[in-house]
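What follows is a pair of complexes built around subunit A, which joins subunit B in one and subunit C in the other.
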Partner chain A sequence: MHLDLKRLVSDVTERKQLLDEDLIKELCERCKEVLVEEGNVRHVAAPVTIVGDVHGQFYDVLELFRIGGAPPDTNYVFLGDYVDRGYYSVETITLLVLYKLLHPQRVTLVRGNHESRAVTQTYGFYAECVRKYGGAAVWQHFTDLFDYLVLAVVVENTVFCVHGGLSPVVHTIDQISVVDRFRELPHEGPIADLVWSDPMENYPTASAHSPGGSDPISAMERPEFGLSPRGAGYLFGKEAVRKFLEVNGLAHVTRAHQLCQEGYRIMYGNLLSTVWSAPNYCYRCGNLASVLEVGPDLGFHYNVFGPCPENEREAPVGVGSGGGRFGFRTTPSVDDDEALLPPATGLNGKIVPPLRRWDVFDDDDEVVGPRKSGKRAIENDDEYDGRAGKGGVVDEYFS
Partner chain B sequence: MDSHSHPGLSSKTSWWTEPVGSLVKGQKVTTVDSETTIEAATVQLAKADVSSAPIFDQNQNQYVGSLDWADVAAYLLIVLKKGQPPNLSENGSLEIQELIQRAHSFQPVPARLAADLSSRNPLWNVTPDSTIVDVLGAFSKGIHRVCVMGPSGLEGVLSQSALAQYLYRNSEQFAELKPVLSKTLAELGLGKQGNVVSVEESTTVVEAIKLMVESKVSAVPIIGKSGRILGNVSQSDIRYVILNRKVPLLYTSVLQFAHFLDQQLGMMTGQDRMPVFELPSTSTLALTVAKLSAVKCHRIWVVDHGRVAGVVSFTDVLRALAAAVPQNSM
Partner chain C sequence: MSGHAPKGDDAIRQTNDDATISRLSAANLGYFHDPFVKYFVRRPSSNERRRSPLMNWGTYLRVTGLDELVDRFLGISVADEQDPSSSNAIETAKQILVLGAGSDTRWWRLKERGKQPAQYFEIDFPEITSLKIASIKKNEQLSRSLGTIDISSGGAELHSQAFHILPGDLRTFHPSITDALVKSGFNKDIPTLILSECVLVYLDPSRGDSIISWCSENLRRAVFVTYEQILPDDVFGRMMLRNLQSRGVDLRGIKEYPDLASQVARYISLGWDESFSVNLNDFYNSSVSSSEKKRLTAIEALDELEEWRMLLQHYCFVWAWLDRSKSGFTFRSFKQL
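== the complex of A and B ==
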């Protein structure tokens, strides 16, 4: 079967077409053939743009390509969570598969925790496939394809990229390379940890802003890791990241997996960052998104953007328009002198990317990002620009 | 029995002789006034993110009972005329009859009438000097929490989960615990009940609540046609129905309800969680405590080869730890 992939890309992006089930099947088969040749850990060169969760927000993905450049003009590493939540998961994953087939060397697709049969049955992708195609076949083709996605990326032997985070049983990159990834995501073990784990500020001491809201319990064998309140994976702190980077001769970990109000978040003195690429998440969170542009000199630029303008998107029926309860803005204002500090020298003499002007520091002079990320930031209203609104996540229950 | 009266024993304090007062020191306890309506009390429980609250009667100047989600579930069924509370005999206690009358005539129901409506949540008092071994007996029988009553009143509430976590965190110090914590659930014979009370995908939420109240369980797994576990409904999920006043949720299928809750929670916290919390029977008791604490659940399904083999709860955990106390110390 000859396929005009470029024509299919414009069918999807311009005519917003849903491709036939037979075509989807063929595309997935071809994509598996490409992915099966790739190792669990893929090594890529800079410059490259790293993208976090997009969660089926197709129109915002198109906006992302307008802002960051489309393949092959820009090299991309996608960190997973392509589907679920948004209303256009099918279109989103279809487009990414097409780009992967068109430019296999310039596009890397990493597996997220949502690229799983069990998770997509809970969070929307399965239902969307049945709604759009009348059956589960398309869902089966895509979830079979997900088994082939790579687990991690290393950029220029410097930056480790993964969807979730670190694992207490993974000390070296080589250990990731030898696992059998071609299967449904397991519930525990190294693969589960890589896609489910989260960094935790000030781990392991209790933090009012921790996801579980309580003192995490450290794992007996490796106290720098604690079980995650998500039910899979671990929480980990600065020490775990520092050790992993040192053992593997790397300088930075970039991951996604957690909502960031400002689109990104830097932690642990710039040892780790979170990139989130779904603006106004679920069409109501009012957050910004970003992509991480790694330059040829390994400089980091977090390119922040808001949701695609209303007049350019097809709003899903029955859902509130953009803005959410925080209102949304476009890119934050930037002064002329962007970098406050000169580039720091990280581990092993590698250059650590310069800090941007909107980074703020906590009491220990640790960069914590421009603002606390995620919904829990509103627990202390006074921290959040005094915006009106009741404090506390629980108040959402009353709205 | 402490080590001072038995010179042959080690002078180190054993874990089971620790006074419980030290475990609840500095605790801020959520309590409910006995005249608060059940709806308002539910909101209090949810806001404080606790599973229960002692009910304080200002007239009697004492605690008259405890309210937890099992009680709220039983109350909900009465309001919906879906069932009688389990302990209602022919005469029925005065309070429960009053509750039923008020609920059916839509009068506000004070929390005191719903205290231990489920018969699974009696108020259980201990003193600060009571030791861990004293409360282990109650915990092993399924009492979820005890009130530590000091000279000046309620000092704190010690729950099964808090005790289990305390023992886990300090297992380095309490060497006798390490062997039992290192055993697997299979070795301990836990989580292999076989037929746990469960529901199908299409069961409605209110039917599931009725089943839980009647079977005296806090949660049920949702088992799909293939026999796989697809999700979970707990009595504490009721808080979302009551708080949001989304009564139609009660009549949706349990699977849709579970999905809805997961989606809402994921959006609010900015991070999604696993659709099902489970452990294989090869998990150690230590891992079980850690996982139960991490996901803030009272019980977890034991799943082997994709099938639910059984359930393990903090009651089972503490019963296993109680077995590690030397016989002459009990």
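== the complex of A and C ==
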């Protein structure tokens, strides 16, 4: 079957079409053929833009491509959580699959904890598929495809990218490479940890360990890890990150998985960052989003953006089509005092991604996030529609 | 779509539908026991009736917290006012008044456990009470526990031996609703619990204040329990107000009483003896046991906590009590939920 993938992309992005179930099945089969050739840990070159959770917020994904550039003009690593929560998970994952097929070398899709049959049955993707297609077949095609997504990415042998975080049983990249990833996400073990874990400030402390009884983490002699309140994966601290980077000759960990009000968050003296790419998450949290643009010299730029304004929802996807929304720049300018700093040499002689000049440090010299610029996702009240009446936002509050 | 959004009172009335569906969703999944709510929902088995896990957990918390407050009130031993020197506390009759009760099933759930109070009064708009009474008439599972029923006011009013539904507009609480209550057997002297579950916040603060004042001026032993939204000024709160406004719902009282401290101060300043509050996030952390969390996680796992905490911090329980009698009401157990 010949597929005009470019035309399908514009069907989805401009005409907002839902593709036929047969077509979805074919796209997923082809995508599996591409992904099966990729190792669990994919190595990519800079420049590349790293994207965090998007959770079915299709219009905001289109906004993201306006701001960051569309493939193939920009290389992308998506860190997972493409579906659930937002109202357009089908359109979102369809578009990303199309881009992956169109530009397999320039687009990398990492698996998040929501790329799972169990989770998507609870958090909306399954229900959305049934609602839009009248049955579960499309959900089945996509969730079968999810089994093929890679587990992690390394950018220029310097930056480790994963959805959740680190695992107490994973010391080296090679250990990730040898697991069998082609299955439903397990509840525990290294794969589960990579998609579920979270970094924690000021860890380890006594309170983070399970009270009383034998601590399973100590038994494994990894005191830098503790039980996670999510019930899957672990909490880990600076020491865990430092060790992992040192052992593997890397400089930085980038991950997603946790909501950041400012769109991103830098921790542990810039050893780890969180990128969050779903603005006004669930149409409720009022947060900013960002993508992490890694330059050819491994300079880091967190490109921050707000939600798609209602009145531009029908605009076609373009490449860098102008200034960022709500006063945020889409590309760094040299004269701007918020411009990129030159990269510094850090751990193991590796290049360390530079800090932005205005990052805020806490008392322990840890970077805790950007100085409050006062910019919020919604600059102009009139522009934002609050998803009025679209899927019943009031349903999502207690009344 | 925004053209279809209801306005004014209609929008407020619709919040009852939203709340009822939320309760149905959580009950259906097994979060708590409520076999009665389905009688108040059209097409209760429809897939549209399932809420997100965050909402189900939150509804569970709300129901559990309010149930606990109500149970504590009902369980309090009250000394006989006629014989206060007696060391034997007796069970005096108690009553509950529910403002803006909507499709609440609390009375049936209490009755099922044999815990219903001597008298129970519900107030809501006639548009809502009519629908509720129609459902009661239609479903034997609801009507049989009421005993003899007397329906009036064109189907908007219902009286039975222990349970009463009165139509009314809370903006004119006194004297029209209060007179109707007294006529229906409401006793200002016996221990009374007044429940406002996302109700006062929809009223202008002065009207809410006058309801709270009337209660403190006229009741001898009372507890006022409120569940509603707070924190309108942070990012989440502003988005919440905007989203609700786009559906025609105004939280008129939230700016006046925007946080726990001002909520507590409201009741004290309006004549209550003591007042307490807790936000739902603190309630979740302190009052839900780990075995209960395990049970809920087995129904639906909460996959992330940042949004959960943010949402919960914007809701609170507030409870206040007063005692004008000489019977030495023991309300201490209310200090900590």
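Note that in this section the second predicted complex is superposed on the first by the 323 of 399 C-alpha atoms of A that agree within 3 Å, B and C clash if a C-alpha of one lies under 4 Å from a C-alpha of the other, contacts with A are read in each partner's own complex, and residues count from 1 in each chain.
What we mean here is this: a residue touches a chain if its C-beta (ideal position, glycine included) is under 8 Å from a C-beta of that chain, and two chains touch if they have at least 3 such contacts.
Note that the structure is a prediction, hence the values are computed from the model and not measured.
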First, second, both or neither for A:280, with subunit B first and subunit C second = second
With the two complexes superposed on chain A, say which partner A:74 touches: subunit B (first), subunit C (second), both, or neither.
-> neither
Tell me which partner A:187 touches in the superposition: subunit B (first), subunit C (second), both or neither.
-> first
Does the superposition put A:122 against subunit B (first), subunit C (second), both, or neither?
-> both
In the superposed arrangement, does A:259 touch subunit B (first), subunit C (second), both or neither?
-> both
Considering only the touch criterion stated at the top, classify A:113 as touching first (subunit B), second (subunit C), both, or neither.
-> both
Which superposed partner A:226 touches (first subunit B, second subunit C, both, neither) = first
Overlap of subunit C and subunit B interfaces on subunit A (superposed complexes) | 85, 113-114, 119, 122-124, 229-231, 257-259, 281-282, 284-285, 376, 392-394, 396-398
As the complex stands, subunit C meets subunit A at residues 1-2, 4-5, 14-16, 18-19, 21-22, 47, 50-55, 58-59, 62, 198, 229, 235-236, 238-240, 242-247, 249, 297, 300-307, 310-311, 315
Residue ranges of subunit B touching subunit A (in the complex, touch as defined) | 46-47, 49, 165, 168-169, 171, 230-231, 239-240, 243-244, 258-259, 262-263, 266-278, 286, 289-291, 293-296
Would you tell me which residues of subunit A are touching subunit B in their complex?
-> 84-85, 113-114, 118-119, 121-124, 187, 196, 198, 211-214, 216-217, 219-220, 226-232, 257-260, 281-282, 284-285, 373-376, 392-394, 396-398
Contact footprint of subunit C on subunit A as seen in their complex | 85, 113-114, 119, 122-124, 127, 130-131, 229-231, 257-259, 261, 280-287, 376-377, 381, 384-390, 392-399
